[in-house]
Amino acid sequence: MIAAPRLRGLLLMAPAGAFVALAFLLPLAILLSGSFQAEDGQLGVQRYVQFFADPLNREVFLRTLRIGFLVTLASVILGYVAALAIVDLDPGSRGRVIGLVTLPIMISPVARTYAWIVLLGRTGLVNSVAHEFGFTDAPLRLLYTEPAVFLGLLQLLLPLIILPLVSALENVPRDAVPAARMLGAGWWTIFVRILLPLSREGLGVGGVLVFTGAITAYITPAMLGGAKVLMLETLLYQRVNVTDDIATATVITALLVAMSVVAKALLNRIARGRPLGRGRAR
Amino acid sequence: MTMRPWAIAALVAVLLFLLGPFLIIVGAGLSAGETLTFPPEGLSLRWVWAVLQVDTLRHAFAISFSLAVLSTLGALALGIPAAYALERLDPPGAGAIRALVTAPLVVPGIVVGLALLRYFVIPLGIGIRPALLMSHTALLVPYTVRVVAASLRNLRVDIEEAAILLGASPLTAFVSVVMPNIRNGIVAAFILSFITSFNQVPVSLFLAGPGVSTLPIEMLARIDFTYDPSIAALSALLALLSIAIVFVAERLLGLSRYV
Amino acid sequence: MIAKLRRIATLVFGVLAVAYLSYVFFHEPGEDAGADRLVISVFGVSQESFRKHLYNPFEAECGCKLVIETGNSSERLSKLAARKTNPEVDLAVFADFDALSAARRGLTDPIDVAKLGNYDRLYEFARDPIGGRMAVGYTVYAAGIVYRTDKVRIESWNDLWQPVLKDRMVLPTLTSSGGPMMLHMVESALGGNDPAFRGALAKVAANKESVVTFYERSAHLVQLFQQGEAWAAVTGRYNLPLLQRLDLPIAWATPQEGDAGGRNVMVLIRGSRRRALALRLMDKWLSTPVQTALALDLTDSPANREVVLPPATASLLTYGPAMIQRMKFVPPAQVLDHRAAWTAAWNETIAR
Amino acid sequence: MSDAFLELHGVTLRYGRSIAVDALDLSVGAGELVALLGPSGCGKTTTMRAVAGLLKPTSGQIRIGGQDVTRVPPNKRDVGLMFQSYALFPHLSVFENVAFGLRLRRLGEAEIAERAAAALASVGLAGTEGRLPRELSGGQQQRVALARALVVRPRLLLLDEPLSNLDARLRLEMRTEIARLQRELGLPMIYVTHDQVEALALAHRIIVMRGGRIEQDGAPAEIYERPRNAFVARFVGFETILPATSLPGAPRGATAAFGWRPHHVQVGAGPYEGRVLGASYLGEAVEYLIESDFGPIKAEAPADLPRHGPGDPVRFDLPLSRAVALEAEPAPGGA
């Protein structure tokens, strides 16, 4: 008898579930399962062995991990700096600043990345300014380098961690910081002992978004990295659409999905961390 | 407050980093010169005007815009009931379905496009337009489920029960009591989905075809063979459009609360 | 009452808006007029020029509607292969070796050249570029070196490796159509003629640190010059007009070893239901007036021998028997047969 | 029992393995106000929600007005419920909140206006029709909720801890109000609360629940004066409860324990000796916690008697004449 609403629930969920399963999960599963099937039809990890045997693939894989990690690290640091400053504002300007942080999310990534091409070119603004102030003798090559991809991704993804951090820090009890100050804690202690643990959930959520965003981004590495700074996504596109190599593509797919899932699990663990998350088991 | 001055400075720096490129795009798009540079060589609207004259871009805009609206509506139609079921009715297998409908968020767009093309669109002989619509819808369902579920979570359950005890059927209770109170969530889901679809590149990259191309893809293609400020002008226009949508929605929501 | 009316009005407006947007989205251009549609897949460059000199006149003549897909050659090939069973495209253009690949995969049909009135006006290289009458060339280009005359001098393919070009040189990536042509010329400049390009690949690998980037799309290059990233680059001559608009002292090198030759060709897609129309467009494209007009716009160098160009235009294009004689075409079969080996070597030693 | 308006027969609600309500039999007569009293988790709210139809019993039967409604969905039961949180519709004005149920009954606009206005007037809120719920005070919201529940003329009204979100003064006021309306309308009501004072003051009958079962069912005075067992006794203020076996000279038999209210315990003289653990001054009286051989004793003595401080030895008496005799408690049901 109790099952009646649950059954209704199942019915309401069925269309979305079925649609996503059919138009998303099933094709993906077929693609992924292909990565475990060698050319002769045998099951196994042969394709992975072949993939990692290629030094270019190894390098692209490591680069993707590296850039993903660095972008996440940088956005955590900048994210905390920005979020702490934002929650410190009065409510009115806080709303406006949050609006400004949200704004870039709304703007086409193509447009935003295009701006970096203008900025980072040898005659671009960065180089002109650097030269003007005498930091550099000759213009530096910034475009089509890893730092360019890093900058582009950081700018693209930073809002995704600022917003959850702000809402996490807003929920820190109002008296926690003054209370700690009264007990003689310095800013660093307050941050590490109070703010960090209390905002852990926001950190986890934002961290996942940034990391998966960084390793699965296509436009930014395509436009700012080019063929010399390939990441897994651009490599995959190249393999499929330029060399028509589905075998490699399936392996890259599996790697990307696995990396996303592992990152999510890891960061969720960080987020649940210690006492805080417990109460929210549901 | 010893921390204040440097905190503000840091915040300004972060905002500059986030928004600077946008300003540069606007600046470069308003350039009067022949080539893409910043600072611009004099200001004019000539490239804005020029880019509006390009047929392929206009057509791509129409496709992108209608695709975004239709797929968003589709995702809402699928996502709102699912979100409601997940939040309120504790259906069997809720965890699995929650994972299922949010899965598209974790999987890279390129992969989605490839998988859909190879193992869905081609085997089933689906045309380019329905394929684009279906893939965008599948991609947006998680956004709508997440956002709507979040706003349902913030809405008391008992007002629904109150409506039911006053004689409303579950459907009437949903339409007359739940919907009006999660309207902000639904509008947020709409805007988020619309913008996600409108800016979507990797999935569409595989699925677009002759006569059907989306605006960002056309832009990417055009960047490959133009170096004048027209794409910057277009980017600036699109950015302004996005801002306008958000702003208007905000305004309407804000106003309608008092009507 | 007013609230109810407003609700109804909103609903009606909403339904109409959705209906209109569905129409916009699902509507095929030209469908309602009952006109025939011809789907062609071409390069994205200079579409405005094609629209003016080819598409518009053709649509007026045939009373049909052209649907144009743009993209680069290899992407087009992958897409056509993916949609092999249910092709959307009737006529496509390719770099010659991609056309051969398409033919080998059974994506194309032979062309009945008897139906092409302009066929006899074509240069030899364009008549049967990949064999089996599977393609017809419509344009040609030299692949050579452009350089900043204020920064370097280039008289040989070997001049690419001079130290002054460190961090200033841009090369095509192997997967672009320019890649094999570049390797071909580097190989022959080194005095070798290994079809696997081992010498050339080693040479590029040894100098890879000097390379700004291996570009994939030709227009990318213009940006690189404009922003001062590039002082010299290997590219097709079709980029020369764009580059010369940059207000920079850029010149086309005349290396002693000559230039590589590249050609773009048209193919008929197998399974197309509009064969006659496709042949008509093909013939129109090859006609002297269209070829001349496209050449005068600096869009494509002519494959039609009867095109006559003023010297100012000719100097920017790949034009005339003398220039065409200088060029060395890489046999398309060689590209296909050795590409896997090139790619392996490239990935191992250069792309990293 | 035959004139019972609401009857529950063997109603059981299970969540997985735990039992929230265990084979409950209960009846409410026409015009009767019954309080379900118990600590949180005792099953009182679950019982009420089952009556409303918001929860379906795992087994058992619910009858309202002689009709079996066990399978009738909540929107067809014609049962009103006033929620602890009021559950007003935040997007609707006060008037529309009250008119909500009337509109669903497809009444004419004029009748809706008239009845809603009357309902609002009857709870003293005439003139607030155009306001939104959030613009009202807690007490006003409470009254709107009451008006909304009553305006559709339900056959039965359920009240879920209706006063728990109000301050002390408003609580008293609302209690009087609810009692008045109940009297005037003759409407059967079930009043769920954990506050014995509320239950005693309002109800015609109190049902004390624990662990999904009924501990005692009786008139307020009966519950207050003659609790059946230690659980009920503690609930109504017998704070010292000692097993019969530990008291010298106590009668045996059915009595398992004796209970005293604090002021029934004599402090300062008597046969027993203990030590004061704590003393709190309450104004007119002083409350002592005394450590003794029987266990802890709660006592209250008038403030004008000599006081004892913590640590002092003290004599006391537990007069059997004032004690209430308690039956053995059943083993806690369910979990």
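Per-chain numbering from 1; labels A, B, C and D assigned in written order.
In this text, a contact is a pair of C-beta atoms (placed from the backbone, for glycine too) under 8 Å apart; a residue touches a chain by one contact, two chains touch by 3 or more.
Everything quoted here is computed from the prediction, not taken from an experiment.
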For this session: Please name the chain that ends up farthest from chain B once chain centres are defined by their CA atoms averaged.
Result: D
Seminar exercise, completed: Set A-C beside A-B; more C-beta pairs touch across A-B
Problem set entry | Chain centroid nearest the full-protein CA centroid | B
Seminar exercise, completed: Between the Cα centroids of chain A and chain D the separation in whole angstrom comes to 54
For this session: Report, in whole Å, the distance between the mean C-alpha point of chain C and the mean C-alpha point of chain D.
Result: 84
Seminar exercise, completed: Between the Cα centroids of chain A and chain C the separation in whole angstrom comes to 36
Exercise. Which whole number of Å gives the spacing of the CA centres of chain A and chain B?
Worked result: 18
Seminar exercise, completed: Residues of chain B that touch two or more other chains sit at 36, 118, 170, 223
Seminar exercise, completed: Among chain C residues, those touching two or more other chains are 79, 220, 223, 226
Exercise. What are the residue numbers in chain D that touch two or more other chains?
Worked result: none
Seminar exercise, completed: chain A residues touching chain C in their complex are 54-57, 59, 117, 121-124, 139, 141, 143-144, 226-228, 230, 238, 240-244
For this session: Using the touch rule from the top, collect the residues of chain B that touch chain D in their complex.
Result: 156, 158-159, 161-170, 172-173, 176-177, 180-181
Exercise. Where on chain D is chain B touching in the complex?
Worked result: 52-54, 73-81, 83, 85, 87-91, 100-101, 104-105, 148-149, 152
Seminar exercise, completed: The chain B residues in contact with chain C across the complex are 34-36, 54-56, 59, 62-63, 65-67, 69-70, 73, 117-118, 122, 125, 128-129, 133, 209-211, 213, 221-227
Seminar exercise, completed: chain B residues touching chain A in their complex are 1-4, 7-8, 10-11, 14-15, 17-22, 24-25, 28, 36-39, 78-79, 81-82, 84-86, 88-94, 97, 100-101, 103-104, 106-112, 114-116, 118-120, 134-135, 137-139, 141-142, 145, 170, 195, 198-199, 201-202, 205-206, 216, 219-220, 223, 231-232, 234-236, 238-239, 242-243, 245-246
